[in-house]
Amino acid sequence: MVMYGGGEAMGLADLYVSRAPLYFGGVEAEPERADLLVLGAPYDATSSYRPGSRFAPRAIREAAANIEFYSLRAGIDLEDYKIADLGDVVLPVSPQDATRRLEVVVTDLIDRYPEKLMAVLGGEHSITLGVFKALAKRVKEPCLLVADAHFDLRSEYMEEQYSHASVMRRIAETFGSDRIFYIGVRAFAKEELEFARNKQIEYITSSAARLLGTREVISRVNRWIKRIGCENLYVSIDMDVYDPAYAPGVANPEPEGLEPWMLLDIVFRVVKEADVELKLFDVVETSPPYDCGGVTSVLAAKTLLEVFAAYIARRMS
Amino acid sequence: MVMYGGGEAMGLADLYVSRAPLYFGGVEAEPERADLLVLGAPYDATSSYRPGSRFAPRAIREAAANIEFYSLRAGIDLEDYKIADLGDVVLPVSPQDATRRLEVVVTDLIDRYPEKLMAVLGGEHSITLGVFKALAKRVKEPCLLVADAHFDLRSEYMEEQYSHASVMRRIAETFGSDRIFYIGVRAFAKEELEFARNKQIEYITSSAARLLGTREVISRVNRWIKRIGCENLYVSIDMDVYDPAYAPGVANPEPEGLEPWMLLDIVFRVVKEADVELKLFDVVETSPPYDCGGVTSVLAAKTLLEVFAAYIARRMS
Amino acid sequence: MVMYGGGEAMGLADLYVSRAPLYFGGVEAEPERADLLVLGAPYDATSSYRPGSRFAPRAIREAAANIEFYSLRAGIDLEDYKIADLGDVVLPVSPQDATRRLEVVVTDLIDRYPEKLMAVLGGEHSITLGVFKALAKRVKEPCLLVADAHFDLRSEYMEEQYSHASVMRRIAETFGSDRIFYIGVRAFAKEELEFARNKQIEYITSSAARLLGTREVISRVNRWIKRIGCENLYVSIDMDVYDPAYAPGVANPEPEGLEPWMLLDIVFRVVKEADVELKLFDVVETSPPYDCGGVTSVLAAKTLLEVFAAYIARRMS
Amino acid sequence: MVMYGGGEAMGLADLYVSRAPLYFGGVEAEPERADLLVLGAPYDATSSYRPGSRFAPRAIREAAANIEFYSLRAGIDLEDYKIADLGDVVLPVSPQDATRRLEVVVTDLIDRYPEKLMAVLGGEHSITLGVFKALAKRVKEPCLLVADAHFDLRSEYMEEQYSHASVMRRIAETFGSDRIFYIGVRAFAKEELEFARNKQIEYITSSAARLLGTREVISRVNRWIKRIGCENLYVSIDMDVYDPAYAPGVANPEPEGLEPWMLLDIVFRVVKEADVELKLFDVVETSPPYDCGGVTSVLAAKTLLEVFAAYIARRMS
Amino acid sequence: MVMYGGGEAMGLADLYVSRAPLYFGGVEAEPERADLLVLGAPYDATSSYRPGSRFAPRAIREAAANIEFYSLRAGIDLEDYKIADLGDVVLPVSPQDATRRLEVVVTDLIDRYPEKLMAVLGGEHSITLGVFKALAKRVKEPCLLVADAHFDLRSEYMEEQYSHASVMRRIAETFGSDRIFYIGVRAFAKEELEFARNKQIEYITSSAARLLGTREVISRVNRWIKRIGCENLYVSIDMDVYDPAYAPGVANPEPEGLEPWMLLDIVFRVVKEADVELKLFDVVETSPPYDCGGVTSVLAAKTLLEVFAAYIARRMS
Amino acid sequence: MVMYGGGEAMGLADLYVSRAPLYFGGVEAEPERADLLVLGAPYDATSSYRPGSRFAPRAIREAAANIEFYSLRAGIDLEDYKIADLGDVVLPVSPQDATRRLEVVVTDLIDRYPEKLMAVLGGEHSITLGVFKALAKRVKEPCLLVADAHFDLRSEYMEEQYSHASVMRRIAETFGSDRIFYIGVRAFAKEELEFARNKQIEYITSSAARLLGTREVISRVNRWIKRIGCENLYVSIDMDVYDPAYAPGVANPEPEGLEPWMLLDIVFRVVKEADVELKLFDVVETSPPYDCGGVTSVLAAKTLLEVFAAYIARRMS
């Protein structure tokens, strides 16, 4: 805990008063000296069904302050690493403007801290476009592993091209549809399915993932990485990839999702062992107003921590 | 979406104002031209523990308006089929009167639309009695596949013979106890278990279902259908058959229930492939006031859609 | 209630099945033959604190379906009048586009039904700009009576000029600051207060209203109407004008608001007796996700009904 | 607190374990030795809008366990008096049967404890019919003071004659419409208003009560008591008589209700000082599932306690 | 808003990323240069009924971030003054230890910032003991104005002497019972009333306050200040002094409380105009888990701001 | 149901009024004649994150009143056995005092009812220390099987040695670290892991349990029992051992927990078949204020019933 004060002579207030600012992990770390970075993107203007993901960065920070930082998968205690919480990007209402803002801000942050893994906390899924564009400006051959119940491949949604429901369409159009690989997808409009099929986008539905098993899913991801020559990995986790039992607080709950232990096994091992290093990732679509018992925020925080732990484990191995 | 207006000269209001009535699927289809029918039965007067299933038809319609209509199991997009929402039956307080009302109304609807599959949205489980009676008046050799955590076989409950807790007892007494097959049952009074055993009613508990696996459960259903000579199938899905993690918003949550993917696999394949055609089905006992995060209503809508998709798939094959 | 069916031969389903579409007042009336019109504007993209007013039109319709339509103030039963619910305007995310859309749609509706009073159900307060602009295109010397805890006079808010917090600034700039009169205002940034004072905008704070009493407030409104030569009245009611005890479900709850009986007395008598006729009005900023016990939606419905009743009473006198 | 045990030799468990049964006031008193009686009537089968008053007796008992029993109005501490909680009447679903059951049970209790004031905790308002009938069988010239937002005078409601919305119609028909006096009424169908006017039923609306003031309201009640020759008073308090700000957790919240201090002043002084003694009273229509923050249950408990205190104060004076 | 970064060369992240730590008022001010101080005391271990006031400091800070800082009573915009949020005192479970901890910490803070008004945000009411003790160590003739529904004068509660229900008893015993003046009290055990009467503690019940009016209440406070020779004022506001309609989110809601406008008028004018200067104050007993719609936290923040504004106004006059 | 009355002559009230005290199982059984005992320990003073487990005993009793008592695993209907609900231990705030109180009370109860299995309903996990100490005073070679997401092995937590987070450390220090065996553990501070490893405490993480399967977990428990020579078993079930999907209403939800069917299979078979008899058990950490839909309380009640059923089944075999 960050204690208050710090003048020469210590008083009792210095000892016992905690400033308790709401940083991820509860500690104020200098970005320059941190191992890992967290950035909030509290944006939900295009949410069509259940808004509220704008509150997710705060709720996830609060959840993170109350869970353990030890990763059983990695055998690593993240308390031993410095996580700098950069704060929240201030975002305008217009989806296009918000996308542009995110792009320039994230580009700037990549330039400042090129060697540090950054997690972006959504906000709705539309934020991935700006963040991915920033990455694509700075690295070669980026690719995008998406965990989502949905394709988000509509040409537009509710008259909006920059909506959460179109974010992958924009990315596919700009960077090539082979750049995207889906895990857990299970709900879509026919238009999206046709686009995915026409463009030969790879995806593993949640029921396919259950049938194939963790190992086979991972090896398909690896084959895709090799096939497209991906050199820099971006992972985007839409919390609705989990079954609503585990993540009720999302904008668009969709039955028959993945169990957390399975998705986390897959993501952990891809990040730790795949032939390409993770450069950026996001965890999006948590909607605190619908998060009964707060379990979705806790799961989002846990998801973020397991990715961090996998990344550290890779570096150490 | 149904847009407002429709006079000769189109104005801007015709373009941009949506009448948005709360029909299942959001579209106002003529029953005569529809492929599938939905009827609400908002009745919960005998609910002893947690009332509120009277609000379920509305909540499920609202949930249906926000999920995709593509069925992965069927490879069919239900957006391509017309679903007519007939509205809600107006029901009196008395359970006996409500049962009679449902019987005559459903009989009338069967007569009007004999070739269309109708889904009845409860409401509590007591509604199944009236609906099944209507079917039994119009078809030969009906039988009833029940997905439920409970037997609902009490001779009476809280001094009431037409209660949700006695509905299968009434059906067994009237139509024969061999007409009923249970999946997922796991909680009952000794009186009910003894009745079930004495009458040799078939049932597969949730833990038995997990052990047997989907395939064996289906084949037992098929053997039962043959054994009793069932010619017309009715499926009744009490949402408490699912584990409370997946369906917290029910009148009587009971631990150790089924995972949705398993129950939906079973029901889908029975409807699509069994030796008997589905004539009517209901989805009952969703209780919106207890449905944190609204996930139970979404699962109820999904359940209904998968049954519809299985029915269409059977017709097409 | 709208019953289903209507073919020549009546069946039991015709008698007992209610289509129950969610129209205000529960009845599907033809706009052409209606006395009063209701239009929903489910927009909340600029809500900075607690979103959710997009759900208000539906929640208020539902509340209206469960309260009585008799007005004690008017001695009139609104059940005797036809209210046509036109549905909801489909609105894009961008605040500027949404404003334009509302302007053209409402203009079109004014042209179609020039003699009917229309109530617009927000949505956030930003919707008032488009609606007022439509009115200003069609009538002479419009003016705006605003019941609100806030001035909404910021030059911009969160980088957005079309925000709910700037809506009156835009109206004041376009139509003249003398066109606006506030009741119940009590929270503002210094920038807004200075603008109001510089531009000599009239306002009565909630504590001033309590001191002055209903009668004096009304007479000040009348003097303002005469002074500026207002010929067509628009009333805009931000639900946060009420104390949060009465209206907890708003985007920006602000203590020390008005009691409903007082505000309704004022608005009723202005609408019924002022020297200018009401042409349009809106009820905005109800936020159902924060509306514990649903009392805010009920109060919004009641507010709308009292304005309708005052309007009818004026016509009859 | 009722401590566990009570054998000869006291152990530590006798000292420190509380049996804590949920009796009103937390104490298990013998009815025979009690000064006051409480009876629960957990019935809500006819609730058309927001069910849940079946849970009210329990919720109000729990609230009562956590508030003080000292009455400032009476200058009396109810802790000094014995309150026996008789428990809950077991009620069937059918409204007519439930009414009959209540009638016979309450008659029996009046016969057993003729000298004790009994409070009946609803449940919905329909319970008043059975209770009043019981009283009318045992005392001469009973009359009924009703605090309610509604008349409950429909000839039937939703096809049901014994509904909460018809309870006063049944009483008026059976015992004479002059037997009823309303305080706080403000919402009704035209049919009810016409019945009230035709039958010259007396009522004071909530806005009239505010204008007249406590004293005048009380004197009108007294004049009515004299005029009709009432010899035994029954008071029925529908919690929706209060403004929804104070009592959000009711089945039918209706704006512009009374402040608790005003209604309690009126009821307290009528019970303490009117020319007729209170024989029975009820507090109905609390709906815990809609009672945000539990304030309605607390207010119901307080209402009950103030009536008890007024009754004791009358006896002592 | 505190923006991130601050190195020499400004990047886009410096412009658009907000660090957004949860300080009261949203700004990180140095205590040394601040005009006003805020300290959190998140303690609720003795809460017997509805715990959760430990979460109040955070909830009130969040509410404060979303309301305006202009005080109509003072004509002052608190945005023009620096408020330093010192953070939260880290408190042990034991009530006695927590009291001691608060005493030494607050003593230390008074010594550091002797000229600044500090607001302490509870936590439950027991925190007032430690804070008042600290003040009494540093100033002469302190006295305590308490706004509360309760006396909190039990000799002990649930076997605990340092409970919220005994806090004023401890203060009365230590500093003299004439040091305390109550406003809004209305619920107590007979033991407490007798203590208050025996010790001639002054109090004005909520119903007395309504009868006397603001002006008379203030003049009684002033007479008490003079009579006891108070030289340094401490104000303690238990949020349950307000009616539960306005403050549902409290540990012990008690009907018939004060309206906010009245209590704030009284407190404002006492702080601004009484013959003694305010040295410290607290706002306690907000319980966020029971705060439907968050209105209690907003009212607590507003209460704090009005006291600050009164203090500034006094200094300026 | 316990009916009211019981005098010689039965009246209708005797027939139809239920005293309905909130005993576990709904029946008031004499402890002396009971087969099984339930004791509540409503204590949550050291809960650091989400308090409320003080309400768990009541909530679990209420849940138990609404589920069936038949155990499918045991083939036994617990309705055939007498369960005496002893009530709740009255506990002071101080954790050390509460521990001592529980120790003496439970010791006393063991002495009174040495042959009966007692279930203790927490409250937070810290209660296990006092209960285990009581058992250790009366039986030889006790040991402790803990189902928990956490180790609870901190040397102290928030300055408190008797906290829920240190309970197993205190037990390990006092009785030997080999006395404890964990199932389902998955979140801990490094300090705890090191202590566990240094002391060679046995544990099976939730992911290990999934891999090993029920049978292997049970055989490891049996080997541990033999190795340490345990003669009397205590089982402590922290509800957070379940995945938050199944048990959202806990103080510290931790993702990737066990499915109820698996944990119940393990616990059932250990209790029924292990080489040592169960003497006492507890079910702790249910937090009703965070228990959306009430499913956690239902699962806690079910857990308790399955342990009871296993115990009876063992006795019968």
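Couple of notes before you dig in:
Note that the chains are named A, B, C, D, E and F in the order they appear, and that numbering of residues resets to 1 at the start of each chain.
The definition used in the following text is that a residue touches a chain if its C-beta (ideal position, glycine included) is under 8 Å from a C-beta of that chain, and two chains touch if they have at least 3 such contacts.
Which chain is which protein? Per UniProt: A, B, C, D, E, F = Agmatinase.
Bear in mind that the values here come from a model prediction, so they are computed numbers and not experimental data.
Under the touch definition stated at the top, chain E (Agmatinase) and chain F (Agmatinase) share these contacting partners: A, D. The chains that touch both chain C (Agmatinase) and chain D (Agmatinase) are B, E. Taking each chain's centre as the average of its CA atoms, chain B (Agmatinase) and chain E (Agmatinase) sit 55 Å apart. The distance from the centre of chain D (Agmatinase) to the centre of chain E (Agmatinase), with each centre set as the mean of the Cα atoms, comes to 38 Å.
For the pair chain A (Agmatinase) and chain E (Agmatinase), the distance between C-alpha centroids works out to 41 Å. Contact with two or more other chains is made by residues 90, 243, 245-246, 248, 292-293 of chain B (Agmatinase).
Viewed as a contact network, the protein chains fit none of the simple shapes, being neither a path, a ring, a star nor fully connected. All chain pairs that touch, listed by label, are A-B, A-C, A-E, A-F, B-C, B-D, B-F, C-D, C-E, D-E, D-F, E-F. By the touch rule above, chain C (Agmatinase) contacts chain E (Agmatinase) in their complex via residues 48-50, 150, 186-190, 193, 205, 207, 210, 243-246, 248-249, 252-256, 290-293.
Residues 44-46, 51-52, 54, 90, 92-95, 158-160, 163, 289 of chain C (Agmatinase) are the ones touching chain A (Agmatinase) in the complex. Residues of chain D (Agmatinase) touching chain F (Agmatinase) in their complex: 1, 4, 11-13, 16-23, 39-40, 86-90, 101, 104-105, 107-109, 111-112. By the touch criterion given at the top, residues 66-68, 70, 72, 77, 79-80, 243, 245-246, 248, 260-261, 264, 292-295, 298-299, 302 of chain D (Agmatinase) touch chain E (Agmatinase) in their complex.
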